[in-house]
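Heads up, the thing below is written out as structure tokens.
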Amino acid sequence: MLLYLSTWSEIEQYLQRSRTIVVPIGSNEQHGPTGLLGTDWMCPEIICRHADQQGDILVAPTFNIGMAQHHLGFAGTISLRPSTFIAAIVDWTRSLARHGFEKILFLNGHGGNIASIEAAFSEIYAEASFAGRRTGFAMKLTNWWDLEGVNELAKEMFPTGHGAHATPSEIAVTQYAYELIKHADYAPRIAPSGPIREALDFRARFPDGRMGSDPNQATPEKGKALVELAAKSLVKELAAFGEEKVPG
Amino acid sequence: MLLYLSTWSEIEQYLQRSRTIVVPIGSNEQHGPTGLLGTDWMCPEIICRHADQQGDILVAPTFNIGMAQHHLGFAGTISLRPSTFIAAIVDWTRSLARHGFEKILFLNGHGGNIASIEAAFSEIYAEASFAGRRTGFAMKLTNWWDLEGVNELAKEMFPTGHGAHATPSEIAVTQYAYELIKHADYAPRIAPSGPIREALDFRARFPDGRMGSDPNQATPEKGKALVELAAKSLVKELAAFGEEKVPG
Amino acid sequence: MLLYLSTWSEIEQYLQRSRTIVVPIGSNEQHGPTGLLGTDWMCPEIICRHADQQGDILVAPTFNIGMAQHHLGFAGTISLRPSTFIAAIVDWTRSLARHGFEKILFLNGHGGNIASIEAAFSEIYAEASFAGRRTGFAMKLTNWWDLEGVNELAKEMFPTGHGAHATPSEIAVTQYAYELIKHADYAPRIAPSGPIREALDFRARFPDGRMGSDPNQATPEKGKALVELAAKSLVKELAAFGEEKVPG
Amino acid sequence: MLLYLSTWSEIEQYLQRSRTIVVPIGSNEQHGPTGLLGTDWMCPEIICRHADQQGDILVAPTFNIGMAQHHLGFAGTISLRPSTFIAAIVDWTRSLARHGFEKILFLNGHGGNIASIEAAFSEIYAEASFAGRRTGFAMKLTNWWDLEGVNELAKEMFPTGHGAHATPSEIAVTQYAYELIKHADYAPRIAPSGPIREALDFRARFPDGRMGSDPNQATPEKGKALVELAAKSLVKELAAFGEEKVPG
Amino acid sequence: MLLYLSTWSEIEQYLQRSRTIVVPIGSNEQHGPTGLLGTDWMCPEIICRHADQQGDILVAPTFNIGMAQHHLGFAGTISLRPSTFIAAIVDWTRSLARHGFEKILFLNGHGGNIASIEAAFSEIYAEASFAGRRTGFAMKLTNWWDLEGVNELAKEMFPTGHGAHATPSEIAVTQYAYELIKHADYAPRIAPSGPIREALDFRARFPDGRMGSDPNQATPEKGKALVELAAKSLVKELAAFGEEKVPG
Amino acid sequence: MLLYLSTWSEIEQYLQRSRTIVVPIGSNEQHGPTGLLGTDWMCPEIICRHADQQGDILVAPTFNIGMAQHHLGFAGTISLRPSTFIAAIVDWTRSLARHGFEKILFLNGHGGNIASIEAAFSEIYAEASFAGRRTGFAMKLTNWWDLEGVNELAKEMFPTGHGAHATPSEIAVTQYAYELIKHADYAPRIAPSGPIREALDFRARFPDGRMGSDPNQATPEKGKALVELAAKSLVKELAAFGEEKVPG
């Protein structure tokens, strides 16, 4: 069930049978010479929509702008500061908790979001902790590549040149979903690695935007396999999260 | 051109020929018994995508969660506080300005966003004003119903019962784009009007979520006509905004 | 009754018979070659004091610095950022609500404040909406020129050259109240119009500070008529607001 | 010269001959059974206006709402949080500095403001200090009772029962300026003293709002003497501050 | 009892017999040619540890970075902005109050902290005051030199050249505790005095970092006497604060 | 070299030969029945002081209060909200960068800090990235247990029952440094594992405060070995970080 294509009373009915929701979350940022700027928010969105056809889950709108300050040296990147990001997650979560959602899973598509998402969770929990009360809900962060079996499949498909940014697996996912394949001659074939700092430093280290990856290995077929596996694992993870009991 | 389906170098090329971008912005909130929760962010997104097929424009990802605190009494609504909203617009704008965009048009789909968008613009301009420098870019807010000719067409289509929330025109737009038509018996046919305050007050005044509207008048055909006109006007408005000279 | 010339026990007694208060709110900013810097906060203050002599109302101190970033290119302008403005309105309102005021009307004298005032209202309501509780009070924004009959009178007095900033009507009001009339040769007689952006842009577009107005039409007599009408309408509006029932 | 009764070009001319401005700053808060709620912002305003008739000084609008959280248990008190207060002072100061003011003196009328004013100064200086640059202006806090000779005169007039809040000297000043004298039977004659904490604690310790004072000793004549001395000292202090050289 | 060398259950037991805690608070900033950068946080820490050997008190970890923006022109200084400082005190206090501490005394070692500490107290109290509830705890600020008898002893030891920064008394305290004595030829012997503004202004006025002081008068023996007196007075002050009743 | 036991001119001299500094950072929080509340900030402090005796490094004061909201259900825990934590790291870093430090390594002792530290780094880098400039410095986060060889040694020492909180390795470190050994009968011997949420949830899941650990395995001797290895590795890591070239 896609929340944005539902009416409020349909959500009210869903809440009678489940208190679990999944929020696709990512980033809009450069993905090398051939990767789409929307890759990181489209991947979890694609997986959620696929999962939606396989189980009775509820998918929130996509949190599509993330923490991508290091990519701002490449045109088209849009980034929130961590402080803005945290404030936004607080508001999304308070809104969902207001309606009675008790298990809120953020399916993440961008490594650079992880710290800010976890900091946001702590910001939310802290209010309850200072006040000495229960929140009544739990949040969980899952990167789509950490869904059961997905990392293993990606390693099998791309034993070398998977890398950390503009990876062949994420590019394969968007190729499959959008039927949009772009080409470039990569030099070097596998991009360099290194630390992540401010945008100008990043562009100097990673001139075409890739980090450690060889995106040329991506194909729509591989993307299809990844999406199907990830969607199946997501349905299971949501079910397990929904059933999890909280201690008294 | 859809930014999120482009690569960073394609955006770099676009910037060679234009410095203008449009950001669809809306809200995810209840829209009465039959309106979709995503109506307010989907309408500007639909219009932008339609316009994209008619002119060389650039469409940013959709800012999909707005200022909807008054709708929080209805399941599925997600709202930012105005302070969070402003911080997010600041970050989006700084990101786009960083790449050289000089004309940033927010195509808005939610009346409740207007104050926060304008406050955000002022927050951004204020930094330059305190410092005594030019920003180098201009922002503009346009509600999609204020695009040339659109209000007139809506009035012609819906002489009574257009109202202010869950209007037949916005519902017609989503019916056309998503081929998704939901039904309900409305009582009263035209919803009441009144002030907007906190969520519980809102729900007491507007029990099914509508404000002054009769959404039953919506049809996909009317939606098609609205989208086509709005898209055409948007292309013209973007061209005019892009050509506007700033005084020295 | 002027709050600042009262004791706390007099306010306590007032609260026995009424829960309504009016807050004059404006801005301290340039008003063209002859307009006073205090025009925008003095106009609502003048009208409130006049109204105070005609009915049992309670007037708060004047919120005298507003959102005037665009005027910072002219000496004497003082501006809050929208974020500061919102924080201040939150504190004023929480203070008044703490004492039991249930109807808080902001009588506004500056168009540039509107977005920030409305955003502040939403910021306040949002806390209640997230928490699922009633606020127990209502806020209302009324521009003094929107008080019953005032716009009509101004149009009658100034059929052309009223404009949007440094208008003859606001200057007439201060001429009447302060008996202070300043002169200048205006060229052009009616100032230009255009968009509002950062301060340097504003000064380039509107070199003497006026927007679309011809302030030479102002006279103390016209100011007197405007004040008397506005004050009378304010007393009525406060009474109506005070009597308004909130739905259960 | 009163800034708010001036035009922007008059301020521009003033800046040719002086870079100094005084900002009356106070609080709107209960002042015991007979003191006016506006006492703390009216006192510095009264003194500034009096001083304005004696020297070529420039008086800003009055910062009339201060840090008065402890008085919120008494009707009519309006308070900013320190964080809001600091943000507002930052904005006032940036605005004034933008126009070229180099010496900004805050004439304060409320002891409870002192910490927040000084913290605000540090917040402003800190930006320059982190960046390793000069601010180009200096701020100064002077309580009106610390103006040369004023404390001495007050001690002479009120050897006992001056106290710390709702003092006979501040009440005398407003009696003189507003010709408004209110009476009450005080029991005890001199109010108790003690620490300042949250509002309910304050009201329990100081049931009628006074702290250590016997306001019955106030007379308009004493107020006149205090105002005249304070105004004279203010003119001198502004001159000295204006002439102060900053080290290279 | 040192909190950080205790277990949580030992603190739980302490709370059975006392609800009072002392927090050493200072700053890390230049202290002239011979003073240690840690002087201002080490002094209250030293005194607290000494007092801990004389009475059943509880010492929190040291708040070691304060408001020292004016010292940033000298290497090694670390400063918080007042706004950050206030947020941190709010969190420390909410944490301690959460455990049941009812009397929280901040033993301060840096004059530049005073405004920010008091503003933080008001920020905390304000939340309760707006909400109309008691906090359940009290905060108190005591500078170590204001502990009973300490100022008198320092004046006796250093009748001239005590000054305001890098004073012989604080340097004596660290000499005693750390057995670390550094030497310099001071010119002039007693440093100049003046206002405190941004860092570059400060360094221009006070070229070697001292303000009004002659640190050469410090000796470990004098430090010992100061610490012993201060510790004794601290134990008494904590006892008195702990016994203080709050009004109902 | 310990910064707080140095003078500003000694730091200035250090900066002639090195631009690298290490900041011990941790948390003050419960560590089970026998672990000290200060464990997480004392461990990196202990290691830094030990390393200081082996190489020419510079150690900043300890950032001793971290993000520990989940431990607030246990007496003595003090926590910052992530937003406060981030603001503080921003200020520390701006201060150090102001003096010319180019490599700032945070040696962390608390897993719960990681997200907030990384978010803080991004907040700092983002300012430069939005502005399109280099920062001129780099930050690095290293957990002390991730220093070269340390995890391996800990696994060897504690093949089972190391766990995630109140681990035998961190307790061994404080036993060694403070010669303070506390005992308890643990039931169960190895504490349970589970997710981290708000404080009341945490206490319900982990009744004595431990997570997955058996602290009884700690001994001062093991602590000594861990400190010595960690200190040696820290010196090497600081040297490597200091020598790292940034791309042009």
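Lettered A, B, C, D, E and F in written order, each chain numbered from 1.
Keep this in mind: a contact is a pair of C-beta atoms (placed from the backbone, for glycine too) under 8 Å apart; a residue touches a chain by one contact, two chains touch by 3 or more.
None of the values given here were measured: they were computed from a predicted structure.
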item: Touch-network distance, chain C to chain F, counted in steps; value: 2
item: Contacts common to chain E and chain F (chain labels); value: A, D
item: Each chain counted as touching chain A and chain B at once; value: C, F
item: Between chain A and its twin chain E, rotation from the CA superposition, multiple of 5 degrees; value: 120
item: Whole-Å gap between the CA centroids of chain B and chain D; value: 47
item: Approximate Å spacing (C-alpha centroids) for the pair chain D, chain E; value: 29
item: Whole-Å gap separating chain C and chain D, where each centre is the average of the chain's CA atoms; value: 25
item: Touching two or more other chains - residues of chain B; value: 72, 79, 81, 83, 95, 98, 129-130, 132
item: Pairs of chains, among all present, that meet the touch criterion; value: A-B, A-C, A-E, A-F, B-C, B-D, B-F, C-D, C-E, D-E, D-F, E-F
item: Residues of chain B that touch chain F when the two form their complex; value: 94-95, 98
item: Residue numbers on chain C that touch chain A, as the complex places them; value: 129-130, 132
item: Partner chain D, residues of chain E touching it in the complex; value: 67, 69-70, 72-73, 79, 81-83, 86, 112, 114-120, 122-123, 125-126, 128-130, 132-135, 138, 140, 195, 197-201, 204-205, 246-248
item: In the complex with chain E, residue positions of chain F that touch it; value: 3-9, 11-12, 15, 28, 30-38, 41-42, 60-65, 72, 74-81, 83-84, 87-88, 90-92, 95-96, 98-100, 178, 180, 182, 209
